[in-house]
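You will see subunit A twice below: alongside subunit B first, and alongside subunit C after that.
== the complex of A and B ==
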């Protein structure tokens, strides 16, 4: 009991907020309608996606302007898998296909498709990362390349209409995936919600562990001082490729979970615009502390929903002004600023408790 | 010869930062390289540690040419560590974590995931903390340390890295006399088994640590010998020591 109390006292404010978010999401389906469950289920997949970008951008300093590619790959793979469960989907037969393209044959098994949702984005990231990072492309040039990739991806998807549904996307996916059976029983939207929720908690814990591991310290060091890291014997390219791949696999998995929540997959959730949206989530919430990414994704998505109700077509302008204000007033994001505030308060508390003591504060991160 | 620089030349778009420098360093030696600003001292360190590729010439370590290799390879495979000019540490991590990241033998991706902070690691890092006088500052962020303490932290990182050859680029820069003296003693005691290459300006400090001094001027070697020999060399006094003294006098008069 005492142990728990000391843990709670030492917890930083971001951990409290993360706990609050988890509890809120856990009890939400008990209090709301099926429609809200579907909406918030979608937001959960966004928070997972935001965590994926946070370990890349927040922890390693690699701002990816095309991160939605990996989310898109995951959602397209699983979406197509669902769409082909009952024979050839409309967009393929209208396009003139009479039988399933050989590339899609493995996707007839949802289990294989689910696995590929993680493996394919990871593999794509591994290959892209290998070329980008071993050729020492850095900073803004790296970011521009990621933007070029997502633009290409968008073009490719729109162009290959017979295989991807083109601009209108993959539709006809049953909501809550009523066709999918797990151990003989149908998976309802509520089941999917809790699958997504459990995944979020597990991925959050994984990211916390990652940040505290030696690997985490090395990627933080790369973010803060890449040159110094090299002279300590680390090859930064290897670590960048690794984190790029891990974050892409997380994004791909988020894409999988998105499919049952939306029952519709399109370029809207895998292109340039959505990539920018992920950047906005992290800018609003704050980077590098995981909670900021989650809070930003939830808050912005929620506001987007509310504002579009009140302001109609003008909602983007209202949201845009709000975002600019946040970025200008709180450059570290909402959660980042809260952490700073709590840190300063703790220092003052210390000085107050021992007047005349050395006013030098301790390390921010209290670790075991 | 343990570390041998052979006819090194660096040409930065027509500017010869280093011109035909040959230098031999024995194992276990502490070598000080001095020279006025722009003499090419840091460029030589840059080449030994893989930051700059020589235009011409070879760097032989036990007969293997390491010139032009990647800096992480030189650090990892060939065991050459580097302290930068001005403290270059990780400001977002505690003093202890800075040393931990620098710890040798855990630099591969696999080791980054499997590493555990064992008892042996902790003992080693605590030992380094006491060697660099930062035991009490263990959990502080480096940005709250004094300039001298930050320099020591970087020295500690090199100790944790445990290289065979240590290159120190102006380790006493910006330190008080007392701190400079302590730094000199640190080099003499904890780095006594290593081959150490120091680039420095401070003559008292050089006198304290050096057995052999190499004097560079405008990218070329001007003189080499013991501190006594070099400091009485007429040519050296003319290009380096004299100007340094007058600079100091000017600084004092201001």
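== the complex of A and C ==
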């Protein structure tokens, strides 16, 4: 009992908030309507996506301006798989196709599609990462290349109307979702919600573990001082490629889960604008401490839902002004600043308890 | 053969547009180390001010272009003074701050002018005929202006006192301050100059491209490609970069889908910077 108490006392504030978020999401479906379950199910996939970017940007310092591409790949693969369950979807037959393109044949099996949702984004990241990281492309260049990449992806998807539904997106997903069976029964939206929730908790645990493992220590060092990591005999490129691949796979999985929540896949959730939005979630919540990513994703998406009702388009101005204020006043984001505040308080508490002891050096530096 | 020739000439027009659009970005990034994500919105401001000057105030086009450049320079100066100045040296923060600005600017313009395309007549609508190929005179004007901007910017940086102070400011800021130069003012002027170039580009492309609140997004990504290829701090490199990118994409677009052409070029660019990570024309001496 005493053990648990000391653990709780020593827990940093971000862990408390993470716990609070998990409990809130766990009991939410019991208290609310089907519609809000769907909305919050969507937000859960956003938080998973934000976790994926956080281990890339927050932990390794690689600011990816095109992260939505992996989310988009996952959601497009699963969405198209759902759309072709009952024959050719409308956008393909209107485009003049009479039979399924060979590329889509494996997607007829939902299980294969689900697997590909994780493998393909990972593979894309692996290849791009190999080219980018083995040639000393650093800092801003990486961000710009990822931005160009997502812009091209957006153009490509919009251009390939027959194969991807173009600008109007993939339709016919709900009928495909109805055919899915898990242990012989249909999967309701509540089931999907809890599948997403369980995945969120597992991925959060995985990210926490990753950050505390040896691998995590090395990627943190790459963020803080890449040169020194090289001097210690590690090859930073390998670690960067690995973390890029892992985060892309997480994003692809989030994209998979997004499909049943929205029943619709379009470029809105895989293009430049959405990539920027993910960056904003992390900026608002704070980077490098997982909770910040989750809280930022939930907070901004929730506010967007409410405020865009009140303000209409002016919501963008509100968001912009808010973002500028955060960048200028709380550069570590909301949760990051809370951690700092709690940390300072603890130091002061300790100094009051036994004056004369050295102030403890900062536990960790999050500077990206 | 006719197709190839006309695509090469179209490519020249696209080169001049792309260079005009990208050069402001290069000036701001190369000299201040700020990646201005709101660059596209400054282009948009330039285009809208030209539209207002010509359509509403019935000013001549040349005056409209100058007003557009001055107007965006003013906005750039204000933005630098209150926001960018506090963020120098922090890459992620400048990106986020300028992102935020682009959100605000886009929405403000959308609120005032509405989301629809603003139309603007070509200031010169005569055409030149070379055999079977028709070239609008305005496209020639664009090319001439872009060469003037290239030469002017290079002269400004190399030959004038301001340019010398500016380059010195990049190399050794403390020393420049010791010599009694107000380096904050130089930063401000540089940022405004970059924005003025964006405004100029916006005004010049307003008659030939669609003018909408989110027009900037399309140009920003292309300009970044140019900048990555040409080298982030080389003005001449960005000219060559725009030449390579637009010429190859326009010529290829004659034979395949434009998107495929762009994808191919992106792959080539990734391949090129694999061997020249700083871009083709990175200028070491300037740093």
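A few points about this structure:
Criterion: the second predicted complex is superposed on the first by the 357 of 368 C-alpha atoms of A that agree within 3 Å, B and C clash if a C-alpha of one lies under 4 Å from a C-alpha of the other, contacts with A are read in each partner's own complex, and residues count from 1 in each chain.
Here, contacts are C-beta pairs under 8 Å (C-beta built on N, C-alpha and C of every residue); 3 or more make two chains touch, one makes a residue touch a chain.
Keep in mind that this is a model prediction, so the values were computed, not measured.
In the overlay built on the shared chain, the residue A:247 is in contact with neither subunit B nor subunit C.
When the shared chain is aligned, no partner comes close enough to touch A:263: not subunit B, not subunit C.
With both structures placed on the common chain, the touch criterion links A:12 to neither subunit B nor subunit C.
After overlaying the two complexes on the shared chain, residue contacts for A:75 are found with neither subunit B nor subunit C. Using the contact criterion defined above for the overlaid structures, shared-chain residue A:328 touches subunit C, although it does not reach subunit B. When both complexes are overlaid on chain A, the residue A:141 reaches subunit C alone and has no touch with subunit B. After overlaying the two complexes on the shared chain, residue contacts for A:275 are found with neither subunit B nor subunit C. Of the two partner chains, neither subunit B nor subunit C is touched by A:64.
When subunit A is checked against subunit B and against subunit C, the one touching more of its residues turns out to be C. Note for the complex: subunit A touches subunit B at residues 213-215, 217-218, 220-221, 224-225, 227-236, 238-239, 242, 360-365. For subunit C in complex with subunit A, the touching residues are 35, 83, 86-87, 90-93, 95-97, 99-104, 106-108, 110-111, 217, 221, 224-225, 227-228, 232, 257, 259, 262-263, 266, 269-271, 273-275, 277.
Subunit B meets subunit A in the complex at residues 49, 51, 70-73, 75-76, 81-82, 84, 88-94, 97, 100-102, 104, 106-109, 111-113, 115, 139-141, 144, 157, 161.
Chain contact summary for the complex, subunit A toward subunit C: residues 63, 65, 128, 131-132, 134-141, 143-145, 147-149, 151-152, 155-156, 159, 272, 276, 279-280, 283, 313-314, 316-317, 319-324, 327-328, 331, 368.
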